[in-house]
Amino acid sequence: MVGSPAHPVDLAALIAATMLPFASFLAILVVTRGRPRLSAWLSIGSVTITLACSIALLALHSGLTTPIGFSADLIGSSGLNIPFGFLLDRLNLLMIVVVSTICFLVQVYSLGYMAGDPGFSRYYAFMSLFTWAMMSLAVSANLLQLYFFWELVGLSSYLLIGFWYEKFSATQAGKKAFVMTRAGDAAFFIGILLLFIHTGDLGIVNLDSRAALAGVPPSFITLSALLIFGGIVGKSAQFPLLTWLPDAMEGPTPVSALLHSATMVAAGVYLFARLFPFFSMSAVAMSVFLAIGTISMLLASTMAMVSRDIKKVWAFSTISQLGFMIMALGAGSYFAGVFHLTTHAGFKALLFLCSGVFIHRFETNDVYELSRLGAKRMLIPMVTMVLGAAALSGLPPLSGYFSKEAVMGSLAGLPNPVWLGAGLAGVFLTAYYSFRLIFILLFPRETAVTIPVGTPSPPPQAAGIPAGAPGAWAMAVPLIVLATITVVLGFFETPLKNFIGAGMLAGGSVGGEALSWTPLAALALALAGVGLAWVEFGRKGARQIGFVDRIPILHRLFAERWYIDRFYGLLVNLVIDRGISRLCYLNDRKVIDGGIDGLCEGAVESGRVMAVLQTGMVQYRLLAIFAVLALLALYFYY
Amino acid sequence: MIAPFRDILLLAATLFALGAFCAVVRRNLIMIVLGIEIMLNAAAIVFVGASLHLNNLDGQTFVLFILAVAATEVSVGLAIIVYAFRRTGSFDPRHFNLLR
Amino acid sequence: MQMEPASFPFLSAILLSCVVGMMAIILIPEERQLLIKQVSGVFSGISLLLSLYVFFAFNRSLGGVQFVEHLNWIPSLGISYFNGVDGFSVPNILLTGIVFFTGVLTMWELKTRVKEYFALYFLLVAGVYGLFMSMDLFFIFVWYDVSLFPMYLLIAVWGTTRKEYGAMKLTLYLLAGSALILPAIIFLWAKSGLNTFSFVLLMHPGLFTPSVQKFAFLLLFLGFGILAGVWPLHTWSPDGHVAAPHGVSMVHAGVLMKIGAFGVLRVAIMLCPLGWIYWAKLMAVLAVIGIIYGALVGLRQTDLKYVIGYSSVSHMGVVGLGLSTVTVEGLNGAVFQMFAHGIMTALLFSSVGYIYDRTHTKMIPELGGLSRVVPVASAFFIVAALAGIGLPGLANFWGELVVFLAAFKVYPLFGVIAVVTLVVSALFMLRVVQKAFYGPANPRYAGLQDVTLWLGTPRIILAAVLLILGLYPSLLFNVIRTASVPFMNGLPR
Amino acid sequence: MNWMIAGPEIFYFAASLWFLLLTFTAQPKPAQNGGRRREYLTAIFLASLGILVCLASVHAQGWLFTRGFSVDFFSQVFKTLLSLGLFLIVCICGQINDIEDRRHNEFYFLLFTCTLALMLLVSADHLLSIYVSLELSSYSLYILVALRKKRGQGLEAGIKYFLIGSFASAVMLFGMALLYSSAGTAYLPEMAKVLPGMMASPAVVTGLLFTLGGFFFKLAVFPFHFWAPDTYQGASNQVAAYIATASKVAGIAIILRVVASAGQGSTYLVHVLVILSVVSMTLGNLAAMVQKDMKRLLAFSTVAHSGYVLIGILVLDAAGYSATIFYALALLAMKFTAFMVVVELTPDGRNLQIEELAGLHRRSPLMALALLVALFSLAGIPPTIGFTGKFLIFTAAIQKGYVALVIIAMVNVVISLYYYLLVIKAAYLLEPAEALPPLVVSFPKKLLAGLSIAVIVVAGFFPWWLIQIAQAAAQPLMLGR
């Protein structure tokens, strides 16, 4: 069934890696809610074990050829043979290592960041819940099991975004995130059901093998691929459902670093990679994925250019980088997507953690405020921030360059040049907005820079977090580790390619033959972007107003997130809330209730009439009796 | 048979209708009781006619009993009506409408 | 349908525990309120333990009808006191036991007219137990009405908003339901010619002509459907929920609506399969409307209990959809969803009850900021709300999954609508949680103390059951399967 | 001809004679309480003795007066029911203050004569004996109704009752004449052989219809129900209770006997009965919904119940008759309990308004429970005798295929539950304006209430022993035909 059966050691490691965080979640919630310190160490302890296990598994099975599987029959209902179990192959191993490292680093970082917060133990409980859900999602063998943990990841993101539930905007953002991802999940769920009805078995290995799906009509494969892609759009905040990610910045910064940059949003791309052979069976679907990836990449980068909130900039950039990954995978290059996923997880987490340090120190999200308050004097976060931004824009020595180049290579392979052009434009914009931020931070301006009205000023962060010194090391160490990763990872491209590429099942072209000039063009555009940013923000005399800000209409368009938010607001409030449900409610109250209550009133009224009839004079009654008897006698003749 | 039984039935039916009409129309309690008496007699006539027609004496005995029972009925009825008259001073059924 | 007589009459023991409990309560003088509560706690505990035993002692491999007790009652009409449980009724008996015990504990702080309350409460649950375990049509109807008339007094005397209207409306609706069921049952009895009400004999395939089955199924479906909250006839349940005191609305929403669905399953579907196949389309349409309608109207509500009422209508729509798919998975999913929804609604009402007792208001705008003041109590509500949305890891997910799967096989369009409702129900449930529980700490309720362990036990039990079933659903599916698979195989195509 | 088979009649004749003598003895001027107690105790003693006599002669068989008066298990069961009804009514006549003390002897005399008449009616097998016994019972009831102290109401009710009663008896007599003329004989058993064949001729059919009219008066079925509301409201509570229970049971008995013998063949008769039953059910229930006076509400519910009884009768077979007999027993128990509560609540004999029931659950929980059980049984909620009665009638009806009729009946049950619940709501929910004193209920009354609740609930749960009696009682009806 699923490759060679796992022998006990692997199984034990896997169970420890996934189940331990869940145990710590329950333990914290039930037992150690009172003692924050203990619950923090409990959660970090379970994460370290998870990290150790995943690294051990990676080391043990680096040479792995066939996927290892284990399955138990959990839901034994008759018609459904949905076995629950684990699946290990090269992609999983890489994914669980990435996830556990980032989780470990963020949890250590949160020791400092969240120190003194009243809900400290609750925070760690939700963190271990997320770790459990994400790890199990990564190793699940069955599409339904994946969906099971997929929704649990959505739940933990809801809980963590709305962590400071006193703030109305936080709970609002949490609700918005949950409902939007839920919309995506609904499509995913329908896709799974269709798949299950037609193929009868949801095992991922089974779905990927071309033989198993021979009998299934191609039009159906496209439909179910598109539906499953709906789930990816929801979770990775792609084009139609992207507005929840910037609002999700309401949550604490480590949460944004962990969930909304490295791991959770990457789950969508992971699913794409997971089902890559299945998706690649239908060319139509792949082109649709490519298109959506491109649109969301361009859209998000334009929004990033105008945003003043440091976290929102990185949120928009995450959406655009995810767009890049999906473009790469849509273009048919499996390795480029996965490699970019790994590197992006590294430097994006780094960027978020650095901005976390700034916010923690100066308690404001506004970039101009931060620079005026002297963000650049904090050495470690500033240097690592610059390093991260460079990696993001794809400057040579860093990992971003290599993965961006691999993506560009895959785009170049496509017959239609449009995708390549969009990709290059994206590279340019990425470089521009990331270094726009860096230069604003590096060159503070005393005068308050007037920005055309309309940009929503970011709400002040919960002021309850004192910038304590003891937490400093806890925040610094993860930054340094991540910085080294971003620098070093680039050079591992070839071994990773062999590891990922070779392990790939049949099918899937590994990066088209790279056109000679694309990497150079990409580098040139990146430098141009940096140059433009320097001209507008870095130079002594620059008035730190982006070229976009000069055109108010364009500025408002990007600031309003292309009015998508407004559209959703309209849809929910007017159409559903005030429109349909009011009609249904009225129908309930007036039509059904009215009708039946009216019937009862009618009965009571007729009762009153009957009662009055009784009180007539005696002789009328005699007459009535006689009349009825006569009628009955006459009735005989009919 | 002096007269065919059908004619007797016809006579009794008309008499019965007359009695009923009288009971329903007149606005005086005593006249109502009188109307009902007429209806009883109509029934008695049918009985007599039937017993003659069937040549068996049951009908006759029945009539004797009817007369006796009608007498008791009238006595009880008039007792109540006179009692009512002494209380309310009127025979008009329209006055007795207190119960709602 | 082989039958296996019970060594010890457990089922009658459960019934007896309720009736004896009621008698005991009646004998205790009115002033000894604590003693009354303790006695009722003990007796409801006994019935819970017995139903737990029945659930676990039910022989999964053997299946069929077990724990059978048979006693001739009115031989001339073929009526017999015939109790037995099969795969469909065992989960419901356990559900009744749990909701009964937790319902008693939830009303621990009742002050007014305690004796009458608990006496009527026991009578209500005795009726519910009776219906789930009886295999004789006459007794199914008798227990149905026995559980009906204490409901009126319980709501009318101890109720909250608009209690007279709610109580009267509820009773007349349910009695109108029984006005349809009784003729149908007697019609079946007359048409069978066997002069017996015993369900097992009447289930003999080919006994009724198709036209009889169609007519009887329609009557029974509408009769029991009123109680199950089928779409056009559902308006009594939100009003009833809101008007009833919490303990009663726990039993009401948690179990009484299941009687309706169970009645449709047991009497309508198993006795008139051809009628079922004929009317399945209508059932599906009404169920889907119910699902989407309940969620949409729930959006508009400002009263916590109304929200829960309409969410129950939506969830019962899922059960109806499951039943209407005429497939094994549909039945499995429907019965599982009945159980899961019962527990979830009981938890919802129990936590609303706790909050209402403290804040004396159910209106969502007036609440708000409770999570900071009473974290544990609001945590229970949030867990139940998440279960309501059908989140994996909690019991409802499996019910809805299996039902939607079955629905997709038979009516793909309805399946899509039902899955889309998941999003709408997520929206309105989270909106309630946000408005009522999150937000800045509310000064008005600053003084509330959080739920103590003793008061928390009913909610802990319910939440634990939701979690256990969420993680290991085949615990329940194996039991249901023993009844659904043989029934569906025996179905005349 | 041994006279012992008419044992009960002879006993009740002697008892009424005894009370007649008592009325002649000069009453000591100040009728102090002792005097009233004495009559009450003698009445109770004689009534209980009467029950024993009836029970003793339950298995008597045979006939008297040249077959005009036949005694079989059917008539004996009804006699026991009647004696039981009389005993229960006499029990609640503890303190009748709305009838002057010097009238009490006449009151008991008339009660016993009426019971005697009803017993004669039950075992009457000849048109003549039916007519005579029916008239005798009606006349005693007219006077009982008019006896009430409050001149206005009692008198008016009496007049109305008399007028409609005599009109109905005139109609019945005319019907009997027509039947006699066409059947050639007045004995019911012979008529049973002759009539089914002649169902086509109009004379027979109108005759039968008119005859049944007289009995419908007794049962308060649709065209002849006009007297019921006013009489119940006008008469004193005890007399209304007697009319509701005893005379209704006798009415059911005589209709069963006549229909069983005369009505086998004709579908026309079934149609008429269906129309009458549906109209009286609906009219009774609808009118009762808006009533304010408790007794008037009970009157309309009696009209509705006569509709249900008619369903049992129109089935025209053994199952239907036994169901109707069971329903008669159920009616006796339910109506008596309801009236017992009304009597208990109004010691001074005034008409009880529904609002005055407020706070009953606090004033006396037992009476509130009795009212609850009685009303739920009247409505037909399962664990009660009323439900079993309705259930038996519906099974008999559906077996003959009248499914639509049963559905209409069930809809009427729903309507009836509405106004019964209004009464229960008043008893359990409403609080009186000013706190009324707790009701002191003497021990025998408590025992009586407890007993009646037990009968209603027990017969609801284990009705089998009662159903057997009803089925045995229905056999003689079928034998002769």
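For clarity, chains are labelled A, B, C and D in written order, and residue numbers in each chain start from 1.
Just so we're on the same page, a contact is a pair of C-beta atoms (placed from the backbone, for glycine too) under 8 Å apart; a residue touches a chain by one contact, two chains touch by 3 or more.
Keep in mind the model is a prediction, meaning the values are calculated, not measured.
Interface comparison, A-B versus A-C: the higher number of contacting C-beta pairs is recorded for A-C. The most centrally placed chain, judged by C-alpha centroids, is C. Distance between chain centres (mean CA atoms), chain A to chain B: 97 Å. Centroids built from CA atoms put chain C at 37 Å from chain A.
Per-chain CA centroids place chain C at a distance of 43 Å from chain D. Centroids built from CA atoms put chain C at 65 Å from chain B. Touching two or more other chains at once are residues 600, 618, 622 of chain A. Multi-chain contact residues of chain D, defined as those touching 2 or more other chains: 159-160, 163, 167, 171, 229-230, 418. In chain B, the residues that reach two or more other chains under the touch definition are 20, 23, 32, 93, 96-97, 99. By the definition given earlier, chain contacts exist for A-B, A-C, A-D, B-D, C-D. Residue ranges on chain B touching chain D, taken from their complex, read 5, 9, 12, 16, 19-20, 23, 29, 32-33, 36, 39-40, 42-44, 46-47, 49-50, 53-54, 56, 58-59, 61-62, 65-66, 69, 72-73, 76-77, 80-81, 83-84, 87-88, 93, 96-99.
Interface residues of chain C facing chain D in the complex, by the touch rule stated above, are 73-77, 116, 138, 141-146, 148-149, 152-153, 156-157, 164, 168, 171-172, 175-176, 178-180, 182-183, 186-187, 189-190.
Chain D contributes residues 159-160, 163-164, 167-168, 171, 202, 205-206, 209-210, 213, 222-224, 226-227, 229-230, 268, 271-272, 275, 283, 285-291, 415, 418 to its touches with chain A in the complex. The residues of chain A lying in touch with chain B in their complex are 615, 617-619, 622-623, 626.
Remark: chain B residues 20, 23-25, 27, 32, 93-94, 96-97, 99-100 touch chain A in the complex.
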